[in-house]
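Below you'll find the structures, each written out as structure tokens.
Next come two complexes built around subunit A: one with subunit B, the other with subunit C.
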Partner chain A sequence: MSGSQGEDGVGGWVAAFSGSTVRYRRRLAVDGVTLKVSRGQVYALLGRNGAGKSSLVRCLLGQQRLTAGRALLFGEDAWASRPRAMARVGVVPEESDLPPDLDADTLVAWCQRVYPRWDDARVRQRLRRTGVPPRTPVNRLSRGQRTQLALTLALGHGPELLILDDPTLGLDAVARREVWDTLIGELADRGTTVFLATHDLAGVAGVADRVGILVEGRLALDEEVDALRARLRRLVLPAGAPWQALAPMGILSCQEALGGVEVVVERFDDALLAAVGGGPLEVQALTLEETFVAVTTGQAGGGAP
Partner chain B sequence: MALRVQIDPTDPAPIWRQIEEQVRQLVGAGVVAPAAPLPSVRDLARALRVNPATVAKAYQRLCEQGVLEVRRGEGTFVAAHVPRQDEARRRELLAGAARRYVAAAAGVGASQEEAVTAVRAAWADGLAGERGEG
Partner chain C sequence: MRGVGAVLRKELSRRSQVFLVGGVAGVLALLGPWVPPLRGETANDARLLVATALAVAMMAGTALVHGATSVAGELRGRCLSFLFSRPLSGTAIWAGKSLAGLVLSLGGGVLAMAPVSFLAPGGLAWVRWEVAVWAIAGVVAVGTAAQLVGVALVSRSWLLVLDAVALAGAVGATLAVAASLWASEAPVVVAVAAVTGAAATLVVLLVASWAQVAHGRCSASRAHGAQSLVLWAGVACILVPLAGYTLFLRSATPASLRTVTTLQPGPDQWVVVAGVTRGRGDYRPAFLLDVASGQFLRLLPSEHSVLDLVFSGDGRRVAWLAPAGSSRQTWQVRLALLDIQPPEVRETPLVFSAKELPRRLCFSPDGSFLAFVEGRDAVAYRLEDWREVGRVRLYTPATARLAFSGPETIRVEQWKPGGGEEDGELTIARWELSSGRFTETGRVAADPTSFHLSILDLATNRMIVGWRTVGERELRLCDATTGEIRAVLGRWPANRVAGVLFLADGRLVLEARGKEGARLRVFDPAGHQLAELPAGERERVIPCGELVRGVVLIKTVDSRVGEGDPLDSPSGFLLELETGILRPLPAGRVPAVCGILWRWGGDRPRVNNLGARLLLTPLGAIEVLDPATGATRPLLGTDGQL
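Now for the complex of A and B:
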């Protein structure tokens, strides 16, 4: 995790937090978070309930002020530049903010008048494909249809940055898949930058370029997905193997496994493993879910020294 | 258009490399014929539920290696003349897979004979499956 100064808002950063802190009365919800989202990146912000994800999202949207630090959108203060910045951003909030008594047709027509760059044909095609009924009021849509509608409307004006707050929350497997499908289609077509908070680790695992993990308001991890894969490993060694020799790799956990010892390390090193000898029975990367559990339960933060 | 590629989330290799290796092997083994069309980046990304940039990176590397070629406006195809898969590389992949299997078999206490029998059975199942789908 880098806390480097002086590059806020310049270069390729589409969104950035710098020393961002949010305090609600006595509770510190976000504690000195610094992270950057570069153009074309899909940044997934992970964390348990109450870890501070939604607070950060609201600050980036200029809906809430930081207690300290800065939240920047396109290099400008997110709070001050909200009216300008929102034309370049697509948003799907955690709770639908669509007018409950309006239907999709009416909402699309309304958005078309508001946004000069509205892509009406594409929006209507997307709504047909995902089965959102055009004449049913929002409050009578299923949760999945409502999310698809919100996502489709958020993409309609061709935003440079898409901000999603737990878009698959409360959806069934089919509806979740449709959300990721729509997002993957958008990435294929336009390469939009995405900043999303999510609990759907299996869904986001293949899509995110970079993940941040919040633990009690602090950013415990901020790293490229490929780099995480390269360093976190689960090794199964034959029973009696000298697993203690793996200590320089940073042992996160060690337990007996079927026919051997399972060791999770945070800085995998091929050469060191060879030096230990004996030959592991298994060498696996950690899934995003396993990574998340390792970080949030206390051990694996901080990345490489 | 389906392409038998599978992402293994516990494979230490980055996803783009997993896709690259598997497509190279499918092409090298002749499962995907020379000049055959491949799924678009978008379709394969959707099928695998990965970022399209990941698929694009794998395709791009395979194009640079002469395994695939892009025809403007038409899509991505297997090259008409695919460079032959290096024999040494092929043996190395096979030996590596065998070592992993032997370790797994030993882990459940299988004898050599049992392990070989299991391979034969799996092989027969696999070939039957291929015919069934065709």
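Now for the complex of A and C:
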């Protein structure tokens, strides 16, 4: 993977990992992950706690060094070119890293000096809209307000890439909704590329274009959301139907359901379904959460490169 | 710079209350006169004292707290990523935080001083660049050290164990190097090493703190690793050269001497030599050197340590006094004794605590007893068991001269003040150590302003005493026991008699200078003049020693002689007394040791003693003259400033 392939304007990717490995002494946190985030794409990196999501995010931000492999931002090594790359990146970390004793006004003024392309009016408008008090120190803001402030500061300079590490962690449903709304609004307005690590499968389902699922440090799945939905299906067959004929679709699970048999397949095929005969009572696409559970419990995968 | 400014602004925003505290401290300092312990001071001084104390506390405290929390606190609170996720380089983040610590600390200190400085007369006296340099260095050192320690503790890494080991090693090595340097008694070397070491340490601390932030970024363990690597490598880079230089300093040998500043020969083959060596600054190593074999022994770390040194008459022992510490009021002095064959320095139990240094060491002829002046007393010790065998009170210790006239008998010569301001007499006494009896045997009346010198020849029981009458000096040959005058040797203009030499056969040679130049006069043992030898028209003609019987080594000095003159000043000659023949020493060499006050116990120098055989070459090297052949042999290659 060369740097020029992913450079801005080439129409390729803006962020990428290649054979990336992170090791904490004896523990392997990330194991040879390779993935790309294309321009304009919303990439959701999913995984259970400790799967290695945050490690990958920190490496992409140039805050942590990979044990092996490469992390690239805009075609350059993320560790070496961090200050330059950060001018084009907005970041919302998992835990608030805002200086606890400074207020929103001070932070906005400070960021205005740091970023040459700071949109102060838009930032202040967004703060008003999200109800973040301007003169209250960060340590007296609610968790939701802190996240909104972080998101607002991350978007203030019109970043080309937004990197979010579980931004809705610990937020209540309303606050979560507000975060996703802000994000969706930003995407609608600017088409910003987003690399997102999250547990919030429900929230991310509406915005992600592509998902990657980390299982114990390895990328078990990396696929477009639409393709995933088309591929993974739940079929409800009448009782006594020859569900074994679905084997070529890759049966992930099979269990008795009310009035029939429920079969989950990982390579759904209409033609093959017709050949089974009798036809299913119902064909459903899996939710992202169901997909995540299926992948992380070892029942599905194969989408990873 | 924009990044540095941004980080600086953020840090100052977070801790701006420091300036408020500094201002409050400044106002509180105005209450100095009401502080109970300062009620004895003037109001002005009390305010300045309190303000200074508060300012120093402000600076040290702020540097400490800011240093310990600015990085470590943010690493622990996971806030440092706020800066690292901005377009700010690691160097800018480090510089901004460091500058903030400096600005906050100095700002707080200046604010604490400000009210008193402007209100009190002379309150701005502290505004000097030296104060600024020390304050900046101190704040940077405290702040940076606190930053390193803070991150090390936050990381909770196993590296802490290595840090502790490395710290212990560094402290131990530093103490060892410092002790060795300190013992060299070379204040310039010590000062340069201390300043260089401190400055280098400061640089290492700064580089380590930079590595901590720039390379550690948001990881405490990575920051700790980076700082430890730089810190201990840097400390090693300071300590290894310093230790190497210290070894080099202390490894000086007589061959290292570039300039000989002290040359003190014993009776036979041993000489105490000290001087300047190349690349060792003001370190003055002192050696006991065997001129026959070249074998040497380091006497003390430095020539500065030799307060007084004396050989025994048989040349077997050397004793000297060395500082053993000092307090504000008293000196601590240690007496060291060295048996020359085999060479062994014996530490003695004698450590004196006195307002005045012990002095006038003298050995008994066989080196069994040592006497000296201590305080107001003359004391004698038996060296076998270091037992004090006698002590007598002196009239005037500063004028006292001690000399063993027998194995256990000491001749004591001292000035005894009279009733009037200018009255008094030179008294001579015999002090028998076996019985403790102190008997006055003679006296020489004189007024204290005229008494000038006394030169003793114990072997023939004679002494020369000089008086100054109006405009003239008169030399008399006296009985060394009774003080009775045996002969008047002559009168010369004041301050014009310098060199006197007693010869082995009882004759004596002295230098007398008149308007026409210097002359050597030769007297028989009874004091009758035998001859006057012009020895050329020189300003000075100094008899330096009797090389063989009847042949005197002399040194002439004449600044009036033109360049290229074969007798150019200074020059050395061998003078045959019987014939008056003057033979120049080879190739412009001069006697290296000249003078009248021989150091071993007042005994007359023997013929062919070592002092008479040491020559100084025109290039400053020291050579040994063979009296039999007249040949010379190099001893010390120096560019000699003897």
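The rule is simple: the second predicted complex is superposed on the first by the 292 of 305 C-alpha atoms of A that agree within 3 Å, B and C clash if a C-alpha of one lies under 4 Å from a C-alpha of the other, contacts with A are read in each partner's own complex, and residues count from 1 in each chain.
Keep in mind that, in the parts below, a contact is a pair of C-beta atoms (placed from the backbone, for glycine too) under 8 Å apart; a residue touches a chain by one contact, two chains touch by 3 or more.
Computed from a predicted model, the values in this text were never measured in an experiment.
On the superposed subunit A, the two partners subunit B and subunit C both fit, without a clash. Judged by the touch definition given at the top, the superposed model places A:E256 against neither subunit B nor subunit C.
The three-chain arrangement built by superposing both structures on chain A places subunit B and subunit C 160° apart around the Cα centre of subunit A, to the nearest 10. In the superposition on chain A, A:L288 contacts subunit B only, with no contact to subunit C.
Residue contacts after overlaying the shared chain place A:R58 against subunit C, while subunit B stays out of touching range. Using the contact criterion defined above for the overlaid structures, shared-chain residue A:D270 touches neither subunit B nor subunit C, since it reaches no partner. Contacts of A:L102 after superposition on the shared chain: subunit C is touched, whereas subunit B is not. Comparing subunit C and subunit B on the residues of subunit A they touch gives the larger count to B.
Put simply, the nearest alpha carbons of subunit B and subunit C end up 26 Å apart when the two models share chain A. Those residues of subunit B that touch subunit A in the shared complex are 7, 9-15, 41-42, 45-46, 48-54, 103-104, 106-109. Within the complex, the subunit C residues that touch subunit A are 2-3, 5-6, 9-10, 13-14, 77-82, 84-89, 92, 217-219, 222.
Residues of subunit A that touch subunit C in their complex: 58, 61-65, 82-84, 86-87, 89, 91, 93, 95, 97-102, 106, 110-111, 113-115. On the side of subunit A, the complex with subunit B involves touching residues 40, 42, 177, 180-181, 184-185, 187-189, 191, 203, 205-209, 226, 229-230, 233-234, 236, 258-260, 268, 279-288.
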